[in-house]
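The same chain A turns up in both complexes below, where it pairs with chain B and then with chain C.
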Partner chain A sequence: MTQLSSLAVVEAHQLNSALPSQIQTLQKNAQEKLSTLVVPTRKTEHWKYSAKRLGDLSLLSNNSETVSTTAFVENAIYIDISAAGIDAAALSEIEESGLTLQAFTQLSDEDCSAIIELAEYERGELEQINTALFNDGLVIRIAKNAVIECPIILNFVQDEAGLTTPRVYIELEQSAQATVIENYAIADVDGAFCSSQTTALIGDNAKLTYLRQNPLGSAFRIGGTTRAILKRDANFESHILCLGSAMARHDLHVLMTEKGSHCELNGVVVTKEKQHYDNHTEIEHIASNCTSEENYRCIADDNSHIVFNGRIYIHKDAQKTLGEMNNRNLLLSNSAEIDTKPELEIYADDVKCAHGATIGQLDEKEVYYLKTRGLSDEQARQMLTLGFVLELVRAVPIASLAEQWEQTLSELLSFKD
Partner chain B sequence: MLDIKDLQASVEEKQILKGLNLEVKLGEVHAIMGPNGSGKSTLSQVLAGNQAYEVNGGTVTFNGQDLLDMSIEDRAREGVFLAFQYPVEIPGVSNLQFLRTAINNIRQHRGEGEINAAEFMKQAKAKIQQVNLDPSFLKRGVNEGFSGGEKKRNEIMQMLMLEPSLAILDETDSGLDIDALRVVADGVNALRSPDRAVVMVTHYQRLLDYIVPDYVHVLAGGKIIKSGGKELALELEEKGYGWLGLEDNAESEA
Partner chain C sequence: MSESDKEVKELIKREYEHGFVTEIESETFEPGLNEDVIRRLSAKKNEPEWMLEWRLQAYKVWQEMEDPEWAHVNFPKIDYNDIAYYSAPKSKDDGPKSLDEVDPELLKTYEKLGIPLHERARLAGVAVDAVFDSVSVTTTFKDKLTEAGVIFCPISEAVHKHPELIKKYLGSVVPQKDNYYAALNSAVFSDGSFVYIPKGVRCPLELSTYFRINEAKTGQFERTLIIAEERSHVSYLEGCTAPMRDENQLHAAVVELVAMDDAEIKYSTVQNWYPGDEEGRGGIYNFVTKRGACIGKNSKISWTQVETGSAITWKYPSCVLRGEGSVGEFYSVALTNNAQQADTGTKMIHIGKNTKSTIISKGISAGKSDSSYRGLVKIAPTAESSRNYTQCDSLLIGDKCGAHTFPYIENKNKSAIVEHEATTSKVSDDQLFLCQQRGIDAEQAVSMIVNGFCKEVFKELPMEFAVEATKLLEVSLEGSVG
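Then we have the complex of A and B:
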């Protein structure tokens, strides 16, 4: 049992004195919490299938360099976030009506209150590590009624071994709308570990479209927590492309705190070789009349391993909830593994909540149909495998990104000889 | 072109076809009618190569080759097309992508090069309009969210694109309103030519008002028990299958 607080990377951490005092307090508290947490093992329930993939955390240091990234979506705002921190001067050059971008170090103590308040929801080892160690963070605020048309792209860049802990806080005021894309550009080297944390506060009638993509890897490790707090009639839509690496873990936590909010969570997961991806999602229906819809599709090939743990928690006041969760999985090899666990916890009596999880092979009726049109067995299977995930990719609202994802998946799922 | 001799086939150990004989020559249109459970769909599926059906006797020769010995995809590439009674929905696989792969496979089989992308789009747009479907259907998943009638029209659209030499229509008319039925019939009539043949399997005489067959056969109990010209269909319509001493047994539909 190794306490998280005894990790070298934690002990070596130097508090950034430029951070507002409230944030410094938050960070000190998180560091104290680390002494109550241990490095997860397979006996840690929510790390059951992934703990052995964590690698040797005692070797981590937090001194990674940055790399430059290239634009992948046109007419977008690009922001690089790395171990070196956030370039506040570059942020100030971005001019977009209704959009405010700031580094944590630029905040006054008053500006921090929501960040501190929402930290109450934090949990989990990787999230605590992020809170204890981040050097700086990014604040994205969208003013009331502002609709930011161009996507805001966050490049989390890391080009060598070490731990990076990017931190983002997004706030949409009433009826605001924005699209945020998290792009992880991590060098595929042993000991590279990125553990991000993003919290979004979505105001009344506001809408956040959230996309997340990480590269395929064999050596780097990636962890991340995304938390969305929805106010009245708020809308949260997420599309996540999960490509496997040595260890990949994403926790998505949605809290529907006021009436009439809606969330839609889509995830496509593909792993090959010895890769891994573990998604833990939790949708908490706290207020009444909210709806949630979740679709995750996973494909595991070779010796890879996918975990899906999806939880819907309906609190006692959340009457008239509509919740739907669907997880479908395809195993392409006998030695691949997928562990899926849908969980429903319902304390209200007037709700409609459904979940379904399947693990299987391709539908032979569909294979037959395609073959009657002249496709070979291999072509038919390849087309159906790709189609299985493209159904969700086609729902990605940025057409050029959807095309890139389709291209990536086409290459990834083209059959071997 | 198609010569079926003493064909026997079973599904889940139940014998459905019990010695079926049928000869179809180039340029001909044959209608196969019969009560439910007579083996109409089984015949269609066996010809397309569905492995859920076991052939346990007889021969099928197609253009001089043993059809039963060919893989499903080779039958298609040689020109056999089955319009399904219940086409499957395949979300995620777009109509366009799938059709283009199908056409290129057939072309390759004939020793031709891949179809030019612009030419393919031109043809696809023309054919989708021919079956009265919106061109936006091309980009959608195969039959994804299509109504029953739209699925049938999509089958005909595929048939028009693939230009088979033998088209088998498995109850393509069932469940269609009169407008859709006309669209389907127009599609089949457009394909009629001296170097193609059509086998229509149907329960109702109605379709034959729009696609006039050269021959009508009555299939019952796994065999063809009566053959004649188009007037046989009218006689069946008038007198019912009871006239031939047959019960319309829906429960044993295979």
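Then we have the complex of A and C:
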């Protein structure tokens, strides 16, 4: 049992004195909390299947290099977020009506309180590490009624080993709309560890489309948390491409706090070799008349390991809720492992909730059908395997990105001879 | 509040009908647990040395364990030194030789419970081993069973008469250190049933046990061991009741089933322990470990349970599917009302090739109760072409209750197919309206809808149990509409 506070990287951490005092207090409190938390083991329920992938956290060190990346979606706003922090000067060069970009260091006291309030929802070991150790953060604010057409792309870049803790806060005011893409570029070396946190506050009738692509790797480790808090009639749509690495985990936490909100969560997970991916999603229906839909498809090949833990939590007052969760898995190898746990926790009676989970392999009848049409066995299997996930990829609202994802997946799923 | 709602509210006050205490002289150990108590318990039963050693070993294991806290239930910590570990009806002789010698007060108790002990038993074709507090009181129809070669006797008797079987199989499915309550049971189990079905025998009667906790401040720790040899078949029924008391009583049983090649064991339970009053005072803590091992090829173990009682239920009847082509089944209805809490489900461990399992779980929550399904389906790398289908549905009645589903699915074999489905909904207003429109009152309508909801499970129960289960649900649900 190692306490998180005794990790070298935590002890060596120095607060960024340029941060507003309120934020510094938040970090100090989080650091104190670390002494009550221990490094997750197999016995930690929410790390049951992934704890052994965490690696030796005591070897982690701070990382503080700066980098920049190239564009991959046209007509987009690019923001680089690296261990060194946020380049405030670069932010001020971006001009888009209705969009305000700020670094945490530039925040007024009032702005800080909003961020600190949301920190109350935080939980989990990695998230606490992020809160205790981040150097700077990015604030994206979309003004009332503003519709930002071009996607905002956040590049999380890490070029060498060490721990990075990027942090983003997104706020959409009433009836605002925006698309945010999170792109991770992490050096595939041992000891590279990224613990990110993104919180989105989606105002009345506002809509956030959230896309996240986790890079492919074999050595780096990544644990990210995304939290969306939905107000009245708000809409949250998320599409996630999950490619494995030594340890990859994403916690997606949606809180539907006011009536009439809707969320749709889609995820595609593909792992090969010795990779790992763990998705933990939780949809909390706090207010009545909200709807949620969740679809995750996973494919595990070789010696890889996929974990899915999806939970729908319906609070006492969340009557007239509709919740649906679907998790389908394809296991392609006898040395691979898929563990899935679709959970329902329901405290209101007038609800309709359903979840389904399957683990299986390709339908031999379907393979046979394609073979009768002249495809080779290999082609048929490849087509069906790809088709299994493409349905979700094609739902991605940015066409050029959907194409890229399709390309990546078809390369990844092409069979070796 | 509508007229029908009022009727319903009145009906809710209906009390637990098995809540009587039988006034018979009994011999009970003073509360407390230590090695000495185990030695005395063992001596009381005239047990051989190896049995005592086994108990003491379990006690050591238990002392090093901690009570599990992962279940979705809340209760104050149990003081294990406040429980008496042995209570038996006092008898002047060593034990009753026939039914006539059994204390008539006791027989009256069973009559009140409606269990078929005398002639009624033969009519019903059921052989009963009744466990009163801690000891087996009487076993009926011994002759008929002996003729078929079936051994059906209290486990304390089996320790003397069939030590080789007990030594071989006791703890082989549920080891002493399996979990906290199993370890406790292994140390202090007082009695239970032992069943042995020889090769190729189809048990001529349905075997049945009836458990009753009578004495205050006692715990009941019975242990059941059923062994079905090659090509044999047995159907076993289990029922339980307890008097109404303000304090909580502990029931920590262990059931072990062993099925050889082509054998089939069907284990049905109707659990109606005292659930506590409306506020959640009193009631039985039902912490039970039940597990079956399908060792032989094409063997089959089927669990069917109807759970309506107990303040807290913590129970996961499981199957370890080791033999090639073996089959595990779990059919469950768990109903909670008032302040009851249930965390129940099953574990299906697929190890052999072509193994199949089916899980049908129906949870019904009413009042301010909480019911959870917790299940594990595990496919080992060796379980080629195995198959699992799970369906767990929850029905909510009232807005203060909770229904939860925690299924764990672990797959390590690519040729296995695992399917899981779950739904949660309430008795819809449309359904109620339709029934009421046709002259069926709200109460009846709900019971009808609930019965329909549970039909898939009830049809798996032996006939006489199915009738009892339907009635139990009606009684337990009374007053929960509105």
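Convention: the second predicted complex is superposed on the first by the 416 of 417 C-alpha atoms of A that agree within 3 Å, B and C clash if a C-alpha of one lies under 4 Å from a C-alpha of the other, contacts with A are read in each partner's own complex, and residues count from 1 in each chain.
In this text, a contact is a pair of C-beta atoms (placed from the backbone, for glycine too) under 8 Å apart; a residue touches a chain by one contact, two chains touch by 3 or more.
These numbers come from a predicted model, not from an experiment.
Visitor: With chain A superposed, do chain B and chain C clash or fit?
Guide: On the shared chain A, the partners fit.
Visitor: I'd like to know which partner A:Asp302 touches here: chain B for first, chain C for second, both or neither.
Guide: neither
Visitor: Look at the residues of chain A and decide whether chain B or chain C touches more of them.
Guide: Of chain B and chain C, C contacts more residues of chain A.
Visitor: Contacts for A:Thr372 in the overlay, against chain B (first) and chain C (second): which applies, first, second, both or neither?
Guide: first
Visitor: Quick one: is A:Ile346 in contact with chain B, with chain C, with both, or with neither? Answer first, second, both or neither.
Guide: second
Visitor: For A:Leu331 in the superposed arrangement: first (chain B), second (chain C), both or neither?
Guide: A:Leu331: touches chain C, not chain B.
Visitor: Could you tell me if A:Leu390 is touching chain B, chain C, both of them or neither one (first, second, both, neither)?
Guide: first
Visitor: In the overlaid three-chain picture, find the nearest pair of C-alpha atoms across chain B and chain C and give that distance in Å.
Guide: 17
Visitor: Please write out, lowest number first, the residues of chain A touched by both chain B and chain C across the two complexes.
Guide: In chain A, no position sits in both the chain B and chain C interfaces.
Visitor: Which stretch or stretches of chain A touch chain C in the complex?
Guide: On the chain A side, the touching residues are 45, 316, 319, 329, 331-361.
Visitor: Could you list, by residue number, the parts of chain A that touch chain B in their complex?
Guide: 363, 365-366, 368-377, 379, 383-384, 386-391, 394
Visitor: List the residues on chain B that touch chain A in their complex, please.
Guide: Residue positions touching the partner: 48-51, 71-73, 75-77, 81-82, 84, 87-88, 90-93, 97-99, 101-103, 105-106, 109, 141-142, 158, 162.
Visitor: In their complex, what parts of chain C are in touch with chain A?
Guide: 70, 379, 381, 394, 396-426
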